[in-house]
Amino acid sequence: MLPAGCSRRLLAELRDALDACAERQRQLERSLRVSRRLLRVWEPAEPPAPEPTPGPKTNEEAGSPARTPSPQDLKELELLTQALEKAVQVRKGLSKTGERDRASSLKSGSVASPATTASAPLHTSGRGGSQASETKPPRGIRRTTVPAKGFPEHRLLSVGDRTCMGRGARAAKPGPGLRDQQIAPSAASQSPEAFTLKEKGILLQLPMAFRKAASQNSRLWAQLSSTETGDSMDAAITAKTQFLHKMQSGWPGSGLSAAEVEREVGRLRKACSLLRLRMGEELTADPKDWMQEYRCLLTLEGLQAIAGQCLHRLQELHAAVMGQQLVPWPEGRLPSAPSFCGGGTDTIWSPQLLLYSSTQELQTLASLRLWVAMLDQQIHLEKVLMAELLPLVSTQKPRGPRWLALCRAVHSLLCEGGEHFLTILRDTPAN
Amino acid sequence: MGRRRRRVDRADAAGALPAAIAALSRTLPGGPSPETFRRAKFDRPEAAPALWRLLFCVLSPVPADGAAASPAPVAQARLVKSELRSQGYPRGSLARLPEDGSQGSRELLLALSWLLARGPLLEQLLAQTRVRLGDEMPVCECEALASPGPPAPHVEADGCVDVRHLQWLMGKLRFRWRNLIASQQEQCALLGKIHSYTRGCHSDHSLGHLSVAEAELLRDPEGGRQLLQRLESENARLEAALEWRRRELVFWQWMDTVLGACPPDASQPTFLPRIPARGASELELVAQELQALQEELRKAAEPRRAAWEARVGGWGPEWKAAQRASEEAVRQELAALQRSWEHGGGLAQPHGPHRLVRSEAGMLGGPGLPAAKVITVLRSRKACLEVALRQLQGQCRQELARLAGALPGFIWIPPPGR
Amino acid sequence: MSIVTVQLGQCGNQIGFEVFDALFRDSHCPQGLCSKRENEAYQASCKERFFSEEENGVPIARAVLVDMEPKVINQTLSKAAQSGRWKYGQHSCFCQKQGSGNNWAYGYSVHGPRHEESIMNLIQKEVEKCDSLSGFFIIMSMAGGTGSGLGAFVTQNLQDQYSHSLKMNQIIWPYGTGEIIVQNYNSILTLSHLYRSSDALLVHENDAVHKICAKLMNIKQISFSDINQVLAHQLGSVFQPTYSAEGSFHYRRNPLGDLMENLVPHPEFKMLGVRNIPQMSENSLAYSTFTWAGLLKHLRQMLISNAKMEEGIDWQVRPPVSRLPTLGKMSLNKELHFNTSIANLLILRGKDVHSADLGGFKDPALYTSWLEPVNAFNVWKTQRSFNKYEKSAALVTNSQFLVKPLDKIVGKAWNMFASKAYVHQYTKFGIEEEDFLDSFTLLEQVVASYCNL
Amino acid sequence: MTQSVIVQVGQCGNQIGCCFWDLALREHAAVNQKGIYDEALSSFFRNVDTRVVGDGGSISKGKICSLKARAVLIDMEEGVVNEILQGPLRDVFDSKQLITDISGSGNNWAVGHKVFGSRYQEQILEKLRKSAEHCDSLQCFFIIHSMGGGTGSGLGTYLLKVLEDEFPEVYRFVTSIYPSGEDDVITSPYNSILAMKELNEHADCVLPIDNQSLFDIISKIDLMVNSGKLGTTIKPKSLVTSSAGTFKKRQKPFDAMNNIVANLLLNLTSSARFEGSLNMDLNEISMNLVPFPQLHYLVSSLTPLYTLADVNIPPRRLDQMFSDAFSKDHQLIRADPKHSLYLACALMVRGNVQISDLRRNIERLKPSLQFVSWNQEGWKTSLCSVPPVGHSHSLLALANNTCVKPTFMELRERFMRLYKKKAHLHHYLQIEGMEESCFTEAESSLSALIQEYNQLDATKSMPVEDLPRLSIAV
């Protein structure tokens, strides 16, 4: 048994790590589910919660009429019903708000209820609505009616127009040869055939309203990220500085906050690993002449000096922590964030593009990212385990079976990454 | 242009503050009523709950989706206080506010303003809750590690555990990582398919194909509608944020008056006296490492220095020049090394979220970061980390071997290396 | 997620065929006692895991067949093709002309390196057919030469090349009364090597399965095919789809990963066994009804009294009242009456599965002192019934069940090794006495560790 | 699949070989109904297109054209080989596979080994190489010879060394016919003991067989057949002694005995040739049955010696087959394995027998058998689904058992009796390269072997104890 303090800390560390992993897995599972669904057959009208896996299983199967629905079945059914109701309500609400706009250009293209459109033929005139929205001034985007009106008018270009799709770039603009189908969710019969992304993915087109909103979105983000400054902004910066200054007055502290200490320690940790790496390079290098030898010596001394500086800085931080009773890494936050990628301090808020050329390249990239994260965590855990366990092993007095068992476990954890284990044999065979 | 705007501003002077506050409140999560700010100036208690909530949203480590139920007022207040404290908030008065969330609206307004003044808070908040249209992949680990929220509170097993239990958890962790890698590989495979099947579908030529979110909005019109709504509300917030930028000066001028109306904050904060062992030991951990490193360096450098001195005793002045050149070169090299951790400079490592775009080999060259470049960076980083881990393990092996050596009567048989 | 199966040697290939056939037949059995939709989802999930679709619609097993002599592979391929239901891939087998002659060293040191590239290429091709690879399932015996020696070699290579993919070895434990004279040598070499390179060793004892055929299935003249069918049934009951979580109707994506995370995180404890209930001939099945309570009561007693089947359970065995952790190797001569678990995974399939009371498996007294039931016990469920059993339960256990057989094998091999018998057959191919000693050391440790729970 | 080459040396070797080829053809004809040259056939036969001149005519697939035995026939007299070439099997061999002389070895090991050995070495090697070239995976040489004469014993063992040098990877299984006590060759003890040394050193496995045992088995069968009790129910041609019969009118005296040996070889290789649920390749034989390189003498027994017409055998009769295999009467050498010590035992079953039958009988018989302490479960098993022609099932038991020791001791006694008197010694010593030390060395080699068996026998009465194992600290 390990001492209580040690147990608590190590347990907490490991559980944090496990939870972080599980959370990532959950996130990934969620997005995987979406992707998988996309790659399956696109049903013309799917229920609001289309699942690959069994939904309610009560009345579907004639083969087992004797079965009574379980509480679980009933619960599932109830949830489904609720979802359906909600969906219907939303649609009604949307169609109401949309009606005003539609009424002008579109008479029969109603989306109100499945019954009305179930047998309605395809309306090529349905384009009217979207055309109208297209020609509206950009200001119109902020109108609340837009989402209902133009959406989602372009789901799939009809097969007949595939020839016009020759170049993908051109497909962005609905030309005169393209028919924009009205495929409201409730009027699915207008597009009765199911298809897969693989077969017809190339014919998909984003709805106009969405395209507009998205392009506006990226323009706005770009504006937000731009560092253009005007007079008023300069003045605002000055005002903010003054404000901060005034707030600060009356505060006798050294100006180091716990968050800063955290950042600083993270930096020093990184420094330490970089220094160690550099040292390794230097020690394994084979100097060819006296000049290289001298440089090697200087480098080692220089590294030693830097390590000293870092240590000094750390002592300052320590003093600050103790003196001000700062609480870096409060409970409930991951202390193990050793990573600090060293990348851009200039903040670009909108996502940049990352270009990949093949699935394999993407996989390599993704697994490398995870490897790096995993190694970061391993190193952190290794250090924590070293700090907690090595003293136990080297100080525990009674070197009996318990100590030996501890040694074995510690060896496995610290030297073998927990994957392999050593054996301790008695020198004299037992009787 | 600037002059024209200034004139407009002056003309609008009377309405300028309300407009600025309105822009701010539209930008902030949950969109607090502008009236709250006005009331807070006068420290009116009815404004307090909204501000506690707002600050909680702003400071909570989990991006506020609104989906998660917000905790009880006491818990909110505690988190707000401790977060502000850890970030170095300078006023002690905040700490003395009652935690039921009933009072302190002015103090809270000051805190919010302090946060706003310190850095790009609004941008951060917007970025956190950004509608993700593209398939994103962060290229560094900054973001990934921040993402998992606060760990679920565990029922800490009382007292002591068997070391085998730790081995068990460690093993579990290894499996989780491996499962994660497998899932990630699958995700990449699926993304690759979706991207190539929809090539040419995107109106934005630099993207060319649809992302999962975009394809999903076509597949599930209902979800698509919601996405569009979220996108538009984000656009509205973005516009508000830009407007805020143009108008914030007047807000700060106003805040001066709010601050002026406050009684001076005399006392130092005296709350949260406990220092968890973790914080201190974190520092110690690094300190130990640095000490060990320094010691190793000393051991390596000293004999070399001695040997060197003995050898170069009689060398002439022409050597001096070369010596100086070397010294300078090493100095610069080490300075560069130091810069690499001090301000994130030096290593130009890609950073932040990126939207994935599939682009045929050879077609690369548009705006954007080629994956190959990121892979190179990550490879070298992985190699560094592996070396570091091996070094630590080697260190432990030595230490344990030393202990084993001091114990007669036993033979230690390490696992056979292949 | 998909699993790539590697069938090695005569035993591995014979079993592999039965496993795929059992999986396919169960998932296409119309009597799943569940809705059509659920049945389809179940089928799809099974297919994604174990089969890939060919163009003409016949599913192809995600398998690589390896043997060092052609007879068995030819037979296996034609059996699958004749079934008409599914088949093996056209280019997914590798065989040679001359077997390993029951010599582990020959399989590991001669055949292995000689055919490494071809075999690994075949495996890679199979892997590339998967959108997402969960891991490998390696079926082999541990007594012979090809399955055991080459199997250990291939597993090691998989560990090197696919380090993050999971590796589970299905191992056939030879008859205690001997089927191959050097089986104990081959076994210790296999086990010790797999302990280093595999994540989990799923063990089936020939003796136990043989008894099941005789006692439960009522087969008079038991053939290998009978034995392999029981084995395939047991594996199917573990690896067919189950719901991903309580109350969820999604099927579990990565059963191999979840199973391993729950059962084999500790490096010293990698031995898994499967227990099934009920198991009987189809004739008797028609006249039997079961309750979850009854099934679980029996299964629990099978677990704690270490019974391999429902018949002949010792009902006297009870969990100890207090479980003090012991140190120092427990004497094996003292009967290990109570079978202490490290971790268990219970898999329930069939009607009213939600109503099953699992309290009996959550008793801390069942488990080692250093793991709580919350960490040590897991359950998977599905309403879909398995292989015509209206209700059935399978238990995958990591417990002391194998300590005695393992200790026996190590002991016998040690006795033989002490007299140096047969060692020359191994040194001839580069497996030295040192290697034997390494294997003995590792396995003695495993025995001791399992004893010390 | 692998191939084997039969090397038959001397009169006895060639006679047995002749029986073997006859039976092998019959067995494959029974299994291979379609006349397609298959893998099983390829293990002992080549398929040759006779229209092609030379031997470039090997066909690996398709219809059977002309089968050629993978065999090398060696004799230093012409009689037997000529008889074969004029007999019904003549098409199976061609002249390129034969080596004959006219002088004979005069029952002198030294003539066969030293004189003919060096004289024919190149020629023999060439034939062997040729036969090996025809195989794509040569696994085993089966050498058939007798121990008592001159050619089989002398040249046969000379060959072993040649094979070892030339084909170190290929197994050498030797079927050796040992002389009985009342052998008519006076020098047979000399020849046998000199040959024994070679077998000790250069064979992978030796299947010792003695004429007396074969004779006893035949007498017993005759007795049973003629007693009339079973006569009506015995299926024609089901006897282990029956030859093909289609080729010959009247059996020669040794034919029945030779047939038993030929059957031994067929059963030994059946699991490697045909399908089964538990295969046993030839390389598994020495792996399982030879714990120490020198102790490679395997006592064999074949059961049943006859099969009743009723093919649907109840279990008891099947079990009888297993019991018989361990009885003294069924061993192909005079030995009593039940009362001696087993080092290892293989049960090679053919026909309609399942693993449960095998396990049941092992459990049943085990208590009555003594195994060496370190190999208490020393069983090797195989199940081949193809039964011998005319049988529903059969069993070949191979035992590495100290019961071979008496045969060796008796041989040594007879040798010593002659050697003490130096009788006939000069016939040997006049051959170049032969010295007296050859005899003493051969004698001590045999004694060492006997000593090894003695040491094992000494452990027989000791209780079986587990040895102290590695002691794990924790």
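Letters A, B, C and D mark the chains as written, and numbering starts fresh at 1 in each.
One rule holds for everything that comes next: a residue touches a chain if its C-beta (ideal position, glycine included) is under 8 Å from a C-beta of that chain, and two chains touch if they have at least 3 such contacts.
The structure presented is a predicted model; accordingly, all values stated were derived computationally and were not measured.
The chains that touch chain C as well as chain D are A. Of all chain pairs in this entry, the one linked by the most C-beta contacts is A-B. Closest to the middle of the protein, by Cα centroid, lies chain C. The greatest centre-to-centre distance from chain A, using averaged C-alpha positions, is reached by D.
Chain geometry summary: the mean Cα position of chain A and that of chain C are 37 Å apart. If you average the Cα atoms of chain A and of chain D, the two centres end up 73 Å apart. Mean C-alpha position of chain B lies 45 Å from that of chain C. Centre-to-centre separation of chain B and chain D, using mean CA positions: 80 Å. Under the contact definition stated at the top, the residues of chain A that touch 2 or more other chains are 29, 32, 367, 401, 404-405, 412, 416, 418-421, 423-426, 428. Chain D has residues 469-470, 472-474 in contact with two or more other chains.
Touching of two or more other chains is recorded for residues 164, 196, 253, 267, 327-328, 441-442, 444-445 of chain C. You'll find the chains touch as A-B, A-C, A-D, B-C, C-D.
Of all residues in chain D, those touching chain C in their complex are 1-2, 39, 136-137, 139, 275, 277-279, 281-284, 286-293, 343-344, 346, 354-357, 359, 362-363, 366, 373-381, 383, 466-467, 469-470, 472, 474.
Residues of chain A that touch chain D in their complex: 401, 404-405, 408, 423-426, 428-431. Within the complex formed with chain C, the chain A residues making contact are 29, 32-33, 51-55, 57, 60-61, 63-64, 67, 70-72, 75-76, 367, 401-402, 405, 412, 416, 418-421, 423, 425. Every residue of chain C that touches chain D in the complex is listed here, in rising order: 10, 14, 69-72, 75, 97-103, 145, 175-182, 210, 213-214, 219-225, 227, 327-329, 410-412, 414-416, 418-422, 424-425, 440-441, 444-445, 447-448, 452.
Contact residues of chain B toward chain C in the complex are 157, 161-162, 164-165, 167-172, 174-179, 181-183, 185-186, 189-190, 413, 415-416, 418.
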